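Inspection log for the structure reproduced underneath, given as structure tokens.
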Amino acid sequence: MSEFEPKIIAFVCNWCTYAGADLTGTSRIKYAQNVKIIRFPCTGRIDFMLLLKSFSEGADGIIVSGCHPNDCHYTSGNFHARRRWIMFRGLLDLLGIDVRRIQYSWVSAAEGSKWADVVNSTVATIRELGPYTDYAKVAGYLEKEAKL
Amino acid sequence: MDTEDLSHNIRQLTGINVRECYQCGKCTAGCPVGDRMDLRPSVIMRMLQSGDNASLEEVLRSNSIWLCLTCETCYSRCPMEIDIPKLMDYLREKSYSEGKVHPESRNIVAFHKSFLNSVEQNGRLHEIGLVLDYKIHTGKLFQDVTLAPEMYAKGKLHIWPEAIKDKKSLARLFKDQFKNKKS
Amino acid sequence: MSKIGVFICHCGENISATVDVARVAEAAGKLEGVAFSTDYKYMCSDPGQTIIKQMVKEKGLTGVVVAACSPRMHEPTFRKACSEAGLNPYMCEMANLREHCSWVHDKSEATTQKAIDLVRTLVEKVKLDKPLFPIKVPVTKTALVIGGGIAGIQSSLDIANAGHQVILVEKDPSIGGHMSQLSETFPTLDCSQCILTPRMVEVAQHPNITLMTYAELEKLEGSIGNFKATIRKKAKSIDEKLCTGCGVCATKCPTKKIPSEFNTGLGMRTAIYVPFPQAVPNKPVIDKENCSYYQKGKCKVCEKVCPTGAIRFDQEDELVELEVGAVVIATGFNVMQPSGFPEYGYGKYKDVITGLQFERLASASGPTLGEIRRPSDGKIPEKIVFIACAGSRDPAKGIPYCSKICCMYTAKHAMLYQHKVHSGKSYIFYMDIRAAGKNYEEFVRRAIVEDEVNYIRGRVSKIYEQNGKLIVKGVDTLLNAKNVEIEADMVVLASAAVANEGSEELAQKLHISYDAYKFFSEAHPKLKPVETNTAGIFLAGACQAPKDIPETVSQASGAAAKVAILFSQNELSRDPVIAVVNRSAPPLYSTCVGCFMCATACPYQAIEEELITNRKGEVIKKVARVNPGLCQGCGTCVAFCRSKSIDIQGYTNEQMYAEVMALLNNE
Amino acid sequence: MKIGFYPGCSLTGSSREYNESLLAISKEAGVELCEITDWNCCGATAAHNLSKDLSLTLPARNLALAELDQMDELVVPCAACYNRLVMTQHELGENESLKKIVSEKLQMPLQNGIKILNVLQFLEKHIVPRLEQLVKNPLDFDVACYYGCLLVRPQRVMKADRFEDPMTMDVIMQKLGANPIDWPFKTECCGAGFSVSKPEIVGELSGKIVRNAVDRGARAIVVACPMCHSNLDMRRPAIETYLNMKVDIPVIYITQAIALAMGLTPRQAGIQRHFVPVNLPVNR
């Protein structure tokens, strides 16, 4: 029985974390393959329904990462994202999703090694938590949402 | 151990990466006994970087490692934050266990041994016992002959050792420590 | 039915060494809607691009995915190629197989699998891409230059001479920056002031340059071509129009014991002051913190003595708003603070000084008129020790980087000292001599061979004071690490160059990124050294990293050229990655319910109200509309919209969901 | 108030006066020190020179014993012992598995959370606040406060104030009415463990220190470490040989200084046990 390989999606902003992850590459710092990046203009763009969708589609964990506070390329997107994240945590509990399945972090364009750390630590956490199996429930919730 | 291994192994055993040293010499510059050393701290770092067995051998047989006072000045000022004193401890233990202690430093080692012997016997240091044991092992019978009586007069020496109760627990700690080692 | 072309790049071996590119191409070929897929050694090369163009034409591709390096590197390249082949450039996407895959993983099945996943994801995105057309925006042909050191001066002059308007903002009372503090410059030893001051005057007199000294950037809004900058002009407490710069006020000012910033604390100045004789503008300001009128409510001597009645105690800070098309940041650097060297007694012993302080001692305009005299007792030092890498290349002090300029200026300092004090002995403790530059190595050799400066390879561990001498405990690592103890009269620390204070705050005002040491980050370390990640904002000089004068000047001209290029066009086209509110046929017109949550979220006030009227002109609906000129495309509004009526072109909800599903369903 | 106390070997022998003066002033200040039951030697320099294991297990045993005695604060007046105990606590704190191994060797539980105070930290926390009422004879003369190595280094672990030029002792001496001089040898090494095996080195290193203190007009050197004291006091002959001159500057423990300032008798302060006679202008 081979080790559980978690599926993790990273929603990152184009200006800080995406660039930071590029730096991880140019610095040739290695990290786990489990995490795959989807690029956004800004974490402020991230609709948290999308995160639920990810779980319903079989993601085991999620990273949301953008610019440090005050460093947002668009002034305040990362603040909006953070505020929404706080509300979203409540919803996660409601749906019985362990909050640790979503890693919320700030990685600047200069923090190549930090990105590798974020990825590896998240992979480790999700390995501990094991696969996320309850997606039917989330899917159900999403349908209800859609109807509204 | 070939070139790569030396620094690698040291890192494994002590967590110290000698490759971090860029030979600025600040450690030597601040070392209180640097000028007495046959191999100065920064030179030792370089030899461990160069990594052949010959240099390691030379380091283990040097008197520098025993002259090091563990005053930690080098470590506190090292721009690379390399824990040289810890490295010295490692080298000393290795040198001692491999019986490579520099002749001029034997009495330093003898003193440390006498010290630990005394602690092993009583759990605490018995200074007279220590000094006697040391004198016997080094033959420095007449060093400080005047000191002891005066210390005694000032009430700084106990004739009888002061021992701890739970000697067993201590014996356990000393089991095959710094023992059966030639030197 | 979409016809997608997938092009996998080997990037030499950068990708192919760890990713099985052939298999990725093969897998991509099997994907639904993919009409063609291939791999090639260098996709970005001319033949590589030709393949893409040919295939777009031959197969009539409706979308292209190039799986290569980071889109931040080559997206423009490949989009251009596509449009040349007649495909809308925004129908081309990149999968980042290099920075995000091959470079960060070892060769393995999982790595190749990840590459395939990334490609599939982008294929799904491209399928939903819609043709987009760049947004045309007008260009305001005025540049804002922040910082009046040599970098800012050079940029301003170049831009102004290209025929464009420049506003030069300097936080101090005079322009000139660090260069105006320097004595003589390596490797030619010509006097810094002599080459700088003419430039300063030129700036003051240039018809295209508006100079704002004693002023700072308060706020920057807008985007490339159309920024709106708010500048705080700090109250100088004088009427510049009336002031003739005669200087009587300064000579009469009773508060005379204020450490002069220009003389790095080695000299004194008055409360109303001109930082230095050649200052531009040569008009004083009142330093409120130290003026006894502002502090204690009485004095006003300057007002009494001013022949033109130019003193204005009631003057207040003024905020001015400026329309500018581009920004050049030239805010320079600073030297590491004294607290950094307890072992060298810096801050404790008067005669342990920094390199910058030595510049003032050696400068003809300095407190000692160019004579090397030590601060404590004004004696001419017979033995002087220079310590290179004081803080630099010293992770323990938080500065692992090399400050770059110290090797050269330390050699220069020792040389100047030897020239001025013939009987003197000078010693330089160094680790490496970094003299890469035209005539630099020769300069250092001259210091050693001709001027008999004693170079000792090793760091100093401690300095302490002993009856009027500074005992320097060093080592000579080239002499088997022999201890070296020197009884010096004065010690000069080549203290590390660090980012200027306030640079973090400035970066945040400008929305540009900065590195771990608070130096501003260039857009690309090699190919975009003067650009920042924010279009229209450029870097010049030591605010980006420690630099010497020639380097600073060339970068400053580089930045100026970039601005001139930008200003050479009346209109520029911006990526159409912006928000749009959907529209549909009557009777709905739009799913927007007019709640205007988006307006509350938008950082750019880009959301407008639109009234939908019927034929009779009666308003039937009020919906949101995005002003394409103002929208920057952050997409915050999208996440806020409850009725899902607003979306970001190029990052639509549909596309994001498609990407997620593609990424996860890889069986 | 009860506080854990680890005297260490020297304080029961060659530096009794340190112990005596410490207990005396604590009594005056109404602070009770309770010795760790059945404490053992920390292993000092010898252990970490010859055996990594012992350098950890010997101090660790004392930490474990202190925990058994339910002490949450432990005073370790001997700078050498303090250094070994803190270093051990630090190393075990950084390495869980090593901590387990050691605790198994000891066959004792080890939380490793106890707060270890050196003499200066102890004085600052428990004695200084009460000083004002207690000082009867201000010590009105110049003193050189000598910290040595072990109280301040390694800086990263010891977290001493301004490790190149510490001030804590100076501040306390000031509170006693004395005038601490500014001198550069505060943290230079005195020769430490070479007292017996390499007296000539002690002679040189301590010699430089004593000489500088004298040159800068100090009437006494104040220390907080038995090793420093025995090197500067007991090894005075070696020092004088190195300097090749007579030096009579006395060396006193900070605790003795406080005792004298509190008006305790020289005997209570254990002054009579010194090799270099102590005759200071303590006004009575």
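Every chain is named by a letter (A, B, C and D) in the order it is written, and numbering of its residues begins at 1.
Keep in mind that, in the parts below, a contact is a pair of C-beta atoms (placed from the backbone, for glycine too) under 8 Å apart; a residue touches a chain by one contact, two chains touch by 3 or more.
Remember, predicted model here, so these are calculated numbers, not experimental data.
If you take subunit B and subunit D together, the chains in touch with both are C. For the pairs B-C and C-D, the larger set of C-beta contacts lies at B-C.
With centres defined as mean CA coordinates, subunit B is found 52 Å away from subunit A. Multi-chain contact residues of subunit D, defined as those touching 2 or more other chains: 163. In subunit A, no residue reaches two or more other chains under the touch definition. Annotation for subunit C: residues 343, 462 touch two or more other chains.
Contacting chain pairs in the structure are A-C, B-C, B-D, C-D. Those residues of subunit D lying in contact with subunit C across their complex are 162-165, 184, 212.
Residue ranges of subunit B in contact with subunit D, taken from their complex: 32-33, 36, 66-67, 69-73, 75-76, 81, 83, 85, 89-90, 92-93, 96, 107-113, 115-116, 119, 123-125, 127, 131, 134, 143-144, 147, 150-151, 154-158, 162, 164-166, 169-170, 172-174, 177-178. Within the complex formed with subunit C, the subunit A residues making contact are 5, 7, 9, 14-16, 18-19, 21-22, 24-26, 28-31, 33, 36-42, 44-48, 50, 53-54, 57-59, 70-77, 80-81, 84, 108-111, 116. Looking at the complex, you find that subunit C touches subunit D at residues 342-343, 348, 462, 464-466, 471. Within the complex, the subunit C residues that touch subunit A are 70-72, 96, 98-100, 103-106, 108, 110-111, 113-114, 117-118, 121, 507-508, 511, 513-516, 521, 533-534, 577, 601, 603, 632-636, 638-640, 648, 651, 653, 656-657, 659-661, 663-665.
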